[in-house]
């Protein structure tokens, strides 16, 4: 097991859309968005099984999500977290003075974190904002 | 020339808009009148004297008025906006829009400036000793008339969108620049003495860009047409000449198509072509790493922040990806 | 007995489908079924029926718990917060009606606020690009009736706008397009293979963040110019030329683009180049370009702000007249730079969709969140005001991604005693007038 | 109950009653002009001032999708043009002002009725939303018919009753006021990147010509007896040599007689004729054909026109003539917005700088004024700038100055960079006519009101009419250009339906404004109902059930009912 560096993008998925409209505080939303989609090749490099929790870290923050195999692929070297609080914990807030953060194209490192949990929405928010206990 | 000195005595709670700090506004006024000039903070109106100690007297006209501003100016916007003459000396690092739409006179900033400085400038000189952020000498949103005249000199680095929609005048950057240089330019000259990244001269119709360092990634819509012996801001040498942007429309003069031109300095080794694209990997020494760690101890710095620090302190530019990894490394070691 | 309501508008995405059929109970209090909607739209309608829905305002306490308060108290709190602030930010507006947005503008004028919508993190850079180079565009019906060349650039309608391809872009048969899908050539530009790209005739798997280079190369190729390099932004040069020829040979083409370009490196410049490509192609054939707008009424907010203040988003009213520069007055910059001193959020969820640094700033400011549901934003704001659900429990005008206005319908009653956002805003506006007069 | 007012001792100009500057009092009660008021009436002293009816704008682009796109895509139009007023809603914009500024500025100039010149039916809801947010002035909007697929098919098949039924339906569901035609056929051709350059060029795939479209709709308009005639911007706008297309268009009206109960005498209104009066065959030998155009207009009483005067400003052009805007962006390379609307129309927007240093711009300026000065019947020739195309409406007072003061006009003419070439290409320098205050009232009040079929309601000061009144600080003794411009830019007092809305040059009230629309009754027509249902199902992107503009978009409607059943 070792850390890998990868380019992170975020965006919509239909599961994210459905879960979002069904209630962001619900567990379904965590399951739809608290994930990172990676390619087989990248799984091999990382040396973990699919559906393992990983810690994603960028210059902007760090978050635990579940690594799953990309449903839409292949795209080695590019990982995808659906738009939502998990992605936003690590995406780049650099705007180049356009007002728009760089939601797509943040360099991140991924490390296995099988013992850490993917936080539910509200807990994640509170932890991120006020450092409340996990 | 008569001088008025403004010394900041109170930090504004929010950001402050002070377009009244301009020789045109000060000229022929008493110091009471100057002190009563409005500054704005959010939806509140204040006066200059609420925030600054004011001494000295202005000249009769803008041209014979000098203003010296000092203090922590990081929350002061619009210094020297629309000025037409005289001098402004800024002893500090002001926020956005320094010298925006200026038409004449000189502004010298001893520190750094934020974004949108020299926007829509038509004349005069804007001299920045430190770094400038994004949209330096650019056009206001939607305007096809960016910088049209005058001169901007940056001692350090400049950010992205330098010289957007430039139509005339000259910008010299002694350090490096970020992405998008002279996009949509239809005239003017940009000299970059350090390195550039990508999107140099994108959508340029006309104008000249000189790069004395390297370009990390040349636009695929530029074409190399040969070498020339020329001078750029007094630095002579062999330069590769690239024309473009071939994706853009171009006018003709005397039957000949006029392109935008990028002049890329050929290194003393006689090589330049490889410098395009080839990103040289720079390693930080342990000592340098320690300095950076100390500088940001207990903070959560962004990539650009750390990168700027590295560039300022050690004079080297490393790729954001590398900086990002370094930050990760720092964090993991904590 | 049940009632069936047809021609119902879906308040999810900018596709703004207006052919839904909704079945409700005879007394109009229960929504029983939704037909014709995509999975997301159906979920949105059904969510209004959730049994655990919050129906009264809640105030966040020191210990992190939430205490129910009356609407009157919520109105007072909101009015005081806005009236006292020096530079309040009023953000959101994309999931509400134009009528409510209009009241929001009145409040913003009164308190000298910055009013911004979700274009800030969505198609804001598109609007900037349009300001720089214009936009040759058309309505979605034109695409249906005429288009034989379709490009999806940096967007994935199969996931984000599920009915777009069947209603307007790929499958429908229109006046001049009787053969439907068969006569349409599809190019998808995406760094990933996606469920949309799998339908494409050509998939340009662009290197992530290099769309600008690819677009300018395409433009040069359309002009018959030689390109530098064998691989252009991850795409073989030959494929760039092939794509250019395919585009020029069509009779009517359209580029749809999304977050893949607005949020990647270059941002407005990517769209700028895509618009210029469209303009160039009009010298050979007919071409249009349409932004795949996200929220169902983010376009409407841009329209309302446009006719009232002259700018589509990030409008700064603090000086008594409207100013605009998203790199300064945009919500992300304001929060990052700590320029605002209070925030009101309505019809959006920045808590879930802003970068973490900005979310933290919201959590630290005096704040109000007006939203029908519990969201990450509602949980970090000092006050959460639940309101009736626009497009389901209250009607109002909305604008589709091609700026076509459609009046959304009320299909079911909101839970008893709940205010609509328009009513709540009017009450706040009245109260602010009183505070300012005092 | 509205206040009573008496405006004392002003010089009154009212072509409706033939009053030419007589000193008299105007009385207002219950929102109407009355012959006398009670002792409680508030007095306005208009001694030495000019009193006219509220002015009527017959053609301007002030509301709707392209206007708003123009606003949104030109932030630079708002740069340094805005100030805090604190009293009214915030105002912004120069060439395309916000809705609030639009309403206030018209009111400040003494305008009280403003027609939006082009409403795409699919976007009617948007137009009405903006009208609702434009304070003070009464408004109506002209839905575009000239590139509509239903119209094409019915006209091609000579199905007159179906055309009439469709017109009636579309006016009702869009809450529209009159039939607008823009580049008939050409805007549809633009759907394929093509155009119709002349009135006999067939429309691709539809087997019909612009001439047939114009003739067909003109006849339908008279059969239905609508208040306004068809309102036309013909083919080939803005091109050298296009005056022949314009004359071809005019000739289509020969022998057609007006039929209506509204006192309207024309069967055809041609808008912004300045853009249609060009000679030469390229920009080098570009010249004025104002004389040829006006000699035709002067002789044919069934035609009215408006001028479209160039004001020499940086402005924003916008029209439902999609191909023209593409042509323009190819000329000036400035940002181009285009919007094609399914089954109905197209449109485009391009910023434009009318520079006095450019020969063509100066000639265009001259042509607009020539047309006005060559008009023999001011009741049929109306002053416009085709706002914002030839210049913003806020420049009307300057145009009045040029028309009313020959010296002022000639000073401008002689200081152009290419003034000699302008003199060669136009006859403006030889025209010494000065429009009088009475003629001005004809060209801005009584005339447009009559052409719109509103002659008994507005544009005049006869008892019983709506009390729309403007008081200007000027009189016949001092009609120099600068004074004219100053006085008409900012009226001393303006009344809208009896409410004092401008006092001492400032907005003081914003009463409810009305939306005018026309409801024509025709016999039930199942065929058209079926056709509409079928086309919506197959070709529109919106459901028929969501197309009609519901009543809350026009909260204060004024519906003009016409019975053609």
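Every chain is named by a letter (A, B, C and D) in the order it is written, and numbering of its residues begins at 1.
We adopt the following convention: a contact is a pair of C-beta atoms (placed from the backbone, for glycine too) under 8 Å apart; a residue touches a chain by one contact, two chains touch by 3 or more.
Just so it is clear, the structure is predicted and the values come from calculations on it, not from any experiment.
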Pair joined by more contacting C-beta pairs (B-D or A-B): A-B
Centroid distance [mean C-alpha coordinates] between subunit D and subunit B, Å: 47
Intercentroid distance (Cα basis), subunit B paired with subunit A, Å: 35
Geometric centre distance via CA averages, subunit C-subunit A, whole Å: 22
Whole-Å gap separating subunit B and subunit C, where each centre is the average of the chain's CA atoms: 33
Where subunit B touches two or more other chains, by residue: 115-116, 134-135, 140-142, 144, 179
Subunit C: positions in contact with at least two other chains: 128, 131-132, 265, 319-320, 324-328
Where subunit D touches two or more other chains at once, by residue number: 73-75, 77, 334-335
Complete list of chain pairs which touch one another: A-B, A-C, B-C, B-D, C-D
Complex contacts: residues of subunit B adjacent to subunit C: 13-15, 17, 40-44, 96, 115-116, 134-135, 140-142, 144, 165, 179-180, 183-184, 198-199, 202-203, 217-224, 245-248
Residue ranges of subunit A touching subunit B (in the complex, touch as defined): 5, 57-62, 92-94, 96-97, 107-109
Residue ranges of subunit B in contact with subunit A within the complex: 115-116, 133-135, 159-161, 178-179, 300-304, 306, 320-321, 323-325, 327-328, 331-332
Touching residues (chain side subunit D, partner subunit C) in the complex: 63, 65, 67-69, 71-75, 77-78, 82-86, 89-93, 96-100, 122-123, 125-126, 129-130, 133, 149, 190-193, 205, 326, 329, 334-343, 346, 349-350, 538-543, 545-546, 550, 553
Residue numbers on subunit C that touch subunit B, as the complex places them: 85-87, 111-113, 128, 131-132, 212-213, 215-220, 222-223, 225-229, 232-233, 265-266, 269, 272-273, 276, 280, 318-320, 324-328, 337, 339, 341
